[in-house]
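Below, subunit A partners subunit B and then partners subunit C, in two separate complexes.
What follows is the complex of A and B.
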């Protein structure tokens, strides 16, 4: 089984790493809406230019981005093929007995593929340059107003941090258990779906038991440190906006103006 | 929230760990033979079901919610700022978890769990087919110019999505019931201590 990449923070000291996680989260959120405004070659070129610039600024290896594109490659190809075959308009570029590829189809296919690529790259840029702890911290603060309607924001954010912290540990554990059961002659990859299902039970049981034990230990450690909810809890690391974060607003406004001006 | 009892801390941590397992399982998805390959099956509902059976349906919904929020934060979504896939997953998962727990609590024993997961499966299939037909597919076609309409859409929903959800529910039930029978005596002891 291949290694899964989640929570793929890459430590560094680039300008993107230094930005406040709240600012980054908000920027990416609004950027996702901005992508949908792009609808012609010029606007997509602007977006590409912007994304390439920040990739360079992030000082993160290009191969890592390629790795994060891989999981969505299928859906990209699927929509591209769909557009090539089904979208009509413009000149016929390529005629086969089964289908015809039109100019408009090619255009739409390229645009959609670009949109996917930019979305994925932006999302990975956020997770590459922001540690998952910072992300949940930012989320907790940004969701703060929801506390007014009795949403337990602090608890939910803490749960996300704990979950993120446990993923690598549990992944290792899962691999260990699988290897142990394989060594005992478990057969996970053959047989019909029901046989495979049954084969997974001996993996799930130790996984759940050991994770409950880990949870127990953590709960005990938290109690020993007198954890009692979010009220009045102070933070070790305080988030502080700097001029760089305000500069993001300027960049965003420029992008909106340029794309609003260039789009059809 | 003045008194924060130790059982609350324990519950909070247990639900977090179950969320982590759910997220892990969501990443370990695999396509089923004979189905379009964007319909992938995963067992991320199992931890939510366990949480719901131990602490009540709300806990199951919380696990489903956090799982999808984290999934969105960690891998984004093909539909941009509106995470359509994650929202659909959240609704389907919550529906399944809440229904099966609710019915299992009315009818005691293994019979209740079988009936519960069966009804949950049917309910999930029916409601998701409706949601796909009227909301999710149109939204997808709007957001990513996905041009599946007319006969192709009907075929994809009635021969793809609907049987897929049905099969997913059945598989979840088949996996969850024996798992829970084995785990419950140990887990409930740990939780109630």
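What follows is the complex of A and C.
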């Protein structure tokens, strides 16, 4: 149990951990656009250099990044193959009766794989160095202006925070119910997919019922603690930008300039 | 501050439109709770204890009758909301009343709702965590706490709001003996610090820790007596499906047999030692 780490926050005290979550979130957001500006070897090298530097700064083990790449490996491979086969241009490197791989295809394939890789690594860096609670806070503040167009920002943030609070509890409960059903001879992992789904019904029904009861009791407890929506509420958790966060802007501008200058 | 709670002929029905006479959860209750009292409300399952608790702190609105706080009728939403600060409530299931993903944030939740300034929160939170014995666990995630610790966290969250009154709705019933003992001690401590304690339970042993006992049955107040008076003829509790604590029964029987024991027994240990010295 508890091996599921939501947001996969890896506690630490690196410079990246110390940054304000809003700054990190904004940086990663704009960085994603920057990735699409890269279009030649030099620009990709700059991006790689940058990513490797911050991976080192984060003091997070490399194996963790590899683990986060694994789920998207299939998509990366797929697009790489697609580009290899479909892109024409340059010298023909490899000729078969079915398809020909051109120099340009190889180049594009490497670029597209790099793009994916950098995207995934940056997103992982964000979640590795930022607790879910901090991320929730950052989102709530950054989305604040959307309140004007009636997006229930406070409610969404509270929902996220309650979800963070209850996922481990519900997970424990699921395990308990599963064990109880297993003890009664339930067979959960054999038979075809349909049989298995049916086998899971006795687990989901009690789980649903108890979740509804939980939700009802929680709502009551919240009301008893004077909750009445976001109006007039103060916040205990406070985020504060420091000079390090402003430094991120400088870094970003430098990246934009360098990539803008190197790209073709 | 002091909060005097008065229920005046309060009736409560979960679905007032349907009007079936049988289903009134609370039927004409008159009760007054003075500041600083330690009261137990006992009754069997479905006798209306939880409904009564929710009526006292404005979670439910009386179908008929009035809730009067310090002489003021509580009638509108704002009034009921303000009541939440003065009258705190701790529920039965420790898991289902913790909102935030960390101890610190959970204690802050009620304060945030009240609009308390951040500097003030920073003063109050360590203080209440200390009071309930959770100092040092500030950063913990709630699901890593024991049941008893969760329940103390719930109490801390309520105490931070600085209420005059605390209602415990069977708050010990899901805990192990150790956790239970802790909470009961905490109630005593809070009582001594001047808070009104309303302890809802169907455990007679726990109920007798209070100074005053109210017996509820089918939504009606059957009995409202101080501890001594009820102690002397506790057998009547069986009329309403309640147990008489074995130690009390034994004590009463020994007194009736002419044993020379003191008339007030606080707990089992005292009874045992008295019997020991008598023999």
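Rule of thumb we're sticking to: the second predicted complex is superposed on the first by the 220 of 264 C-alpha atoms of A that agree within 3 Å, B and C clash if a C-alpha of one lies under 4 Å from a C-alpha of the other, contacts with A are read in each partner's own complex, and residues count from 1 in each chain.
Assume a residue touches a chain if its C-beta (ideal position, glycine included) is under 8 Å from a C-beta of that chain, and two chains touch if they have at least 3 such contacts.
Since the structure is predicted, the reported quantities are computational estimates derived from the model, not experimental observations.
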First (subunit B), second (subunit C), both or neither touched by A:112: first
Partner with the higher number of touched subunit A residues, subunit C or subunit B: B
Touching partner for A:53 - first (subunit B), second (subunit C), both, neither: neither
Touching partner for A:156 - first (subunit B), second (subunit C), both, neither: first
First (subunit B), second (subunit C), both or neither touched by A:214: both
First (subunit B), second (subunit C), both or neither touched by A:40: neither
Touched partner set for A:235, first subunit B, second subunit C, both or neither: second
Partner chain in contact with A:224 - subunit B first, subunit C second, else both or neither: second
Which superposed partner A:123 touches (first subunit B, second subunit C, both, neither): first
Touching partner for A:187 - first (subunit B), second (subunit C), both, neither: neither
Intersection of the subunit A residues that touch subunit B with those that touch subunit C: 132, 162, 164-165, 214, 218, 222-223, 227-228
Contact set on subunit C toward subunit A in their complex: 54, 57, 59, 81, 84-85, 88-89, 91, 93, 95-102, 104-105, 108-118, 121, 125, 141-143, 154, 157-158, 161
Touch list for subunit A against partner subunit C, complex: 132-133, 161-162, 164-165, 168-169, 172, 213-214, 217-218, 220-228, 232-238
Subunit B to subunit A touching residues, read off their complex: 1-4, 6, 8-10, 12-21, 23-24, 27-28, 32-33, 37-38, 43, 46-47, 50, 62, 65-66, 69-70, 73-78, 80-81, 143-148, 171, 174-175, 178-179, 182-183, 186-187, 190
Partner subunit B, residues of subunit A touching it in the complex: 1, 4, 6-8, 29-30, 32-33, 35-36, 68, 71-72, 74-75, 78-79, 82-83, 86-87, 108, 111-112, 115-116, 119-120, 122-124, 127, 132, 135, 139, 155-156, 158-160, 162-167, 170-171, 174, 193-194, 197, 200-201, 204-205, 207-209, 211-212, 214-216, 218-219, 222-223, 227-231
